[in-house]
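Report on the following structure.
Order of writing sets the labels: A, B, C and D. Residues in every chain begin at 1.
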Amino acid sequence: MSWLQTSIMQVRGTGRDRSPDTHSLDEARQQRFHFTIGPYSEPVLQVRPGDRIVVDTRDAFDGKVRSEADLPSRVLTMPFVNPQNGPILVEGAEPGDALAVHIESMKPRGPNPRGTCCLIPDFGALSGTAFTALLNEPLPEKVRKIDVDEEGVYWSRRVTLPYRPHIGTLSCSPELDSINSLTPDQHGGNMDLPDMGPGSITYLPVRTPGARLFIGDAHACQGDGEVCGTAVEFSSTTTIRVDVVKGWNLQWPRLETEHMLMAIGSARPLEDATRIAYKELVLWMEQEFGYDRWDAYMMLSQCGKVRLGNFVDPKYTVGAGIDKKYLQP
Amino acid sequence: MSWLQTSIMQVRGTGRDRSPDTHSLDEARQQRFHFTIGPYSEPVLQVRPGDRIVVDTRDAFDGKVRSEADLPSRVLTMPFVNPQNGPILVEGAEPGDALAVHIESMKPRGPNPRGTCCLIPDFGALSGTAFTALLNEPLPEKVRKIDVDEEGVYWSRRVTLPYRPHIGTLSCSPELDSINSLTPDQHGGNMDLPDMGPGSITYLPVRTPGARLFIGDAHACQGDGEVCGTAVEFSSTTTIRVDVVKGWNLQWPRLETEHMLMAIGSARPLEDATRIAYKELVLWMEQEFGYDRWDAYMMLSQCGKVRLGNFVDPKYTVGAGIDKKYLQP
Amino acid sequence: MSWLQTSIMQVRGTGRDRSPDTHSLDEARQQRFHFTIGPYSEPVLQVRPGDRIVVDTRDAFDGKVRSEADLPSRVLTMPFVNPQNGPILVEGAEPGDALAVHIESMKPRGPNPRGTCCLIPDFGALSGTAFTALLNEPLPEKVRKIDVDEEGVYWSRRVTLPYRPHIGTLSCSPELDSINSLTPDQHGGNMDLPDMGPGSITYLPVRTPGARLFIGDAHACQGDGEVCGTAVEFSSTTTIRVDVVKGWNLQWPRLETEHMLMAIGSARPLEDATRIAYKELVLWMEQEFGYDRWDAYMMLSQCGKVRLGNFVDPKYTVGAGIDKKYLQP
Amino acid sequence: MSWLQTSIMQVRGTGRDRSPDTHSLDEARQQRFHFTIGPYSEPVLQVRPGDRIVVDTRDAFDGKVRSEADLPSRVLTMPFVNPQNGPILVEGAEPGDALAVHIESMKPRGPNPRGTCCLIPDFGALSGTAFTALLNEPLPEKVRKIDVDEEGVYWSRRVTLPYRPHIGTLSCSPELDSINSLTPDQHGGNMDLPDMGPGSITYLPVRTPGARLFIGDAHACQGDGEVCGTAVEFSSTTTIRVDVVKGWNLQWPRLETEHMLMAIGSARPLEDATRIAYKELVLWMEQEFGYDRWDAYMMLSQCGKVRLGNFVDPKYTVGAGIDKKYLQP
């Protein structure tokens, strides 16, 4: 039996017993991609809890960096980066519920799949930026095209990195705001968490009727922090299943894998993102796993795991996790 | 001759020679207030450069905290706080221009004007918050109603504070995003700068046709940092004049008073807000006042002035200023 | 009657009724300057509460930047910068007391007094630094020598700045640690607060018998934040009076001027320095001026004043102040 | 062949070919423990490169929290916490060298070994603290005694955690400063990195003749971030080997294990600690492994690993690591 059978999604999702329909959200269906996540755009698809969706995502550069000569400063126009598929309406999702998104698989898309990694001026963790505004000259601008297949990411003659795909940006619409797709926050957004790959389930707070799911920003692999500002960005065919957990009123996204539960926070400075993640995890252990609050807090001090998602975006993202075995009764 | 004659607004504004029309934006005209600042709402007024607008602003609690018994946690519903008037379209304003907003006067509004100051749970600079997420119990919730007139703010029997009104939230719409009215950023927003009172001119980057000006959040007075989270919030009649400076492509808001120019940054952590403000001021001195970049930087190290706007909102706001006398040729 | 008669120093200092002796701490007496502030160095002077000391301070570069050709990277050796006079023992000062330091006057020292301002590689608020470690190339290195007298700071042909001298670094020794003179903290240290000039009284926590006072780092003037990393650094003759306030167990330095009381915090990020300063001020109002804690907190939100000292040193410094008139009973 | 044969310590250490002497640094030999790390204390031992030292460490509470009734606020006196063994002089170590410290083994010490975990008022990541100074009431104070052996950490009836011992505080003396043992910085200090356990080699910058090694603060296990402020603190018998790498002039500590190299940074805010760690790793790859700087930066964005050490101490600690396989020529 797969661990999925005991996942929160499978145990509490309203669509758990349905036999899922499969929907395609290809380029033709999507037509217009979105650069802001909010309640003001037209839904492209309506699905039911439990359904499967096969999504053709574009890379974070909207496909405009075609060769190593296509410098970002020339071919990109802000804020038109990180295009998102969606919004997808999920029947029955209401404010106060959680939307479960199980990533089933991610495959490189296109006839000759290549990933792209860029050094973008005034962007990245080891550079002055629009927020950490300095008078230093920007770093050199660089583009790297990398062959990618499901066996590996062919970084250089010297180094082949493992293919570890994940979704960088996953969101339900906020209630009133419309937030650019570069920013992570309570709605999800551009979290860039390497854990959000095939086999993971992300739970997002629902703030509008139908949840309005957005998805995009596939990475073939990414290190902790996405330190230079970009991962191996690629266009993907990503298959997800969605479900609705009624009355699970989350404040921040959460993530489940076979062995771990994780709470996710996004903020600046980085300690605030970490505080959010750990506090959410403490409260989760208290509310759903029978832990005394202080026992949970002190025990996480001995066994908590921290994953740095991005620390280059307008808000930084941190996941705080615990091994599920410590949550068994 | 008033200093206004030599202000940037008066020297470079396209409406400088027009005899202004005066428009009223009262409650009836406004009808529906806004809690998010973006391109998706219906304009309530269209004016021409140089025009005057008399705006009836509501207090940041949307008038719902009527007595000291009306605890915020009972009468307020997030995110429906800090209601904004607007959007106001200004003819001729295009992306790449700056909108000048001269605050001419601010008066308490209503038959028995009172201001309101609250301690809101998990909000404020000396408390754990939604972002600085802690396990401490929240501070006590408190409401203070304060009589206000144009002579003073009657804080207590012991203390009368001077009436120093200013506008807390002033914005032009972002291009794509719609940002809640609690957050300051490049578009302006909830800066809570005490300098933004009668006699000041604020310059905002225009990102959409017509600028889409929003205004609200009047304060009868406020200390640096707005440390408890709220000022003496009141409903006001605020009279502004607006103008358009063509081709002045600002990245962040700026402010002018009789004796000072100020650049404004909003970010977390607080040093990033300060960096933005000072960098913008260095570049301004270089681009428009004949300073060598390094001379400007080193001289501001000797004479720059820093104002802390808010350090309680989702982003903190800092103004970096210089005495105009040092900018004369 | 001078306001000093009603100062905390004069009202509560044990030496208030003594007729002060005057001591000279000139170069000959000091002999060896200190680059670290702690309990391990030999006292150079012992004085009594109420005494006056005339101190010959060296500039922060230890006099090694003699011309605009003396680049810091060539003539300075870390950590041998910011030389301090002292330690001075004050009779009767014990851990748990406060040491009051009234700066009576500051004069430029030497036959042809010049100040020095430098751009030091990888130092300053708008540059990558040793702590905000980036891959950008450093800013250009620059030295500026500036004529200084008690009438003005002759920055350039275009600009003469006012002579506003103050002491950048003022400390009592920590109990066990010895802290480099570049870092401000609870012991005082390199606060770089423009308010710490003639007419001010600083109160420092005493942590060792005799207090072990260190002083240095005179500035002819300085803007808020000392943004480029250095002020107009000069060698001075600084006259101080010291006194002991028994049993005033401060956690952080405080400052008094004719019209203001200020609490001082030093930390990173900058919001933590500001939090410390404001919290100390709230507690001070509660403990010594009859304010309810929440009333003090809410009122400072309306009338508190923030001064940014340095935001370039290993910790940033902020003062939070209140007008004394609001503290009258 | 053990991987140690190819470690930097074994390849470059001056003592690599010596047959090591074994020294005992037990309680009797240590006599007086240290709470500050600097050049002013008396050495307790002198060893030669390659030598082995068996160290009896005390727990971070100096053994004063003997039962769950011994509340820290009653039995501890600041700054007398986190006692350190040492200083140990290593022959031949000079400023500009690196000291290698290989932890060979760590065993619980005492007849009935128990670890201690505390919630200390105004300390910990999810609480207001001395630096993040708030007006909230402190969290409840708590003490937890935990049985520990080399098989496990017996947290509760429900949970047994794995025994994963490591050294929390490891330092060479700074040149002039003496830094309390709670603070991590360039000298090492209280890094609280779970990777610093048996099998690891830490490389520390040498700043004084003989290096003056300090060691203490053993943990039976610890989660990422040490979120509640304390690990399972215990007294240990820790066996180390030390060696000297001549002319390896490090700015910050580094760490080597069988499969990973890691650079370590300590700073606030947390992003600054992370920046230091990643920058040091980029430069290391450039200087010693034949990587182009920008290639290293972009590749770490795909494969870098981040470990959060502490985020509760006066500075936060982050390690940035890379798998050694990517460094092979």
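Heads up, the rule we're going with is that contacts are C-beta pairs under 8 Å (C-beta built on N, C-alpha and C of every residue); 3 or more make two chains touch, one makes a residue touch a chain.
Heads up on the chains, UniProt names are A, B, C, D = Acetamidase.
For clarity, every value in this text was computed on a predicted model and none was experimentally measured.
S.K.: Can you list every chain in contact with both chain C and chain D?
M.R.: A, B
S.K.: Could you quickly compare B-D and B-C and let me know which has more C-beta contacts?
M.R.: By number of C-beta pairs in contact, B-C is the larger.
S.K.: Centre-to-centre on C-alpha atoms, which chain is most distant from chain B?
M.R.: D
S.K.: Could you give the separation in Å between the centres of chain A and chain B, each centre being the mean of its C-alpha atoms?
M.R.: Once rounded, the distance between the two centres reads 34 Å.
S.K.: With chain centres taken as the means of their Cα atoms, state the distance from chain B to chain C in Å.
M.R.: It comes to 34 Å between the two C-alpha centres.
S.K.: When the centre of a chain is set as the mean of its C-alpha atoms, what distance in Å lies between chain B and chain D?
M.R.: Roughly 48 Å, centre to centre.
S.K.: What positions in chain A touch 2 or more of the other chains?
M.R.: 126, 132-135, 139, 268-269, 275, 279, 282, 297
S.K.: Hey, which residues of chain D end up touching chain C in the complex?
M.R.: Per the stated touch rule, the residues are 35-36, 38, 40, 79, 131-135, 175-180, 265, 267-269, 272, 275-276, 279-280, 282, 293, 297.
S.K.: Within their complex, state which residues of chain B touch chain C.
M.R.: Per the stated touch rule, the residues are 117, 119, 124-126, 139-140, 142, 144, 153, 155-156, 158-159, 161, 221-232, 268-271, 274-275, 278-279, 282, 294-295, 297-306, 308, 311, 316, 320, 326, 328-329.
S.K.: Across the complex, what residues on chain B touch chain D?
M.R.: Touching chain D: residues 126-128, 132-139, 269 of chain B.
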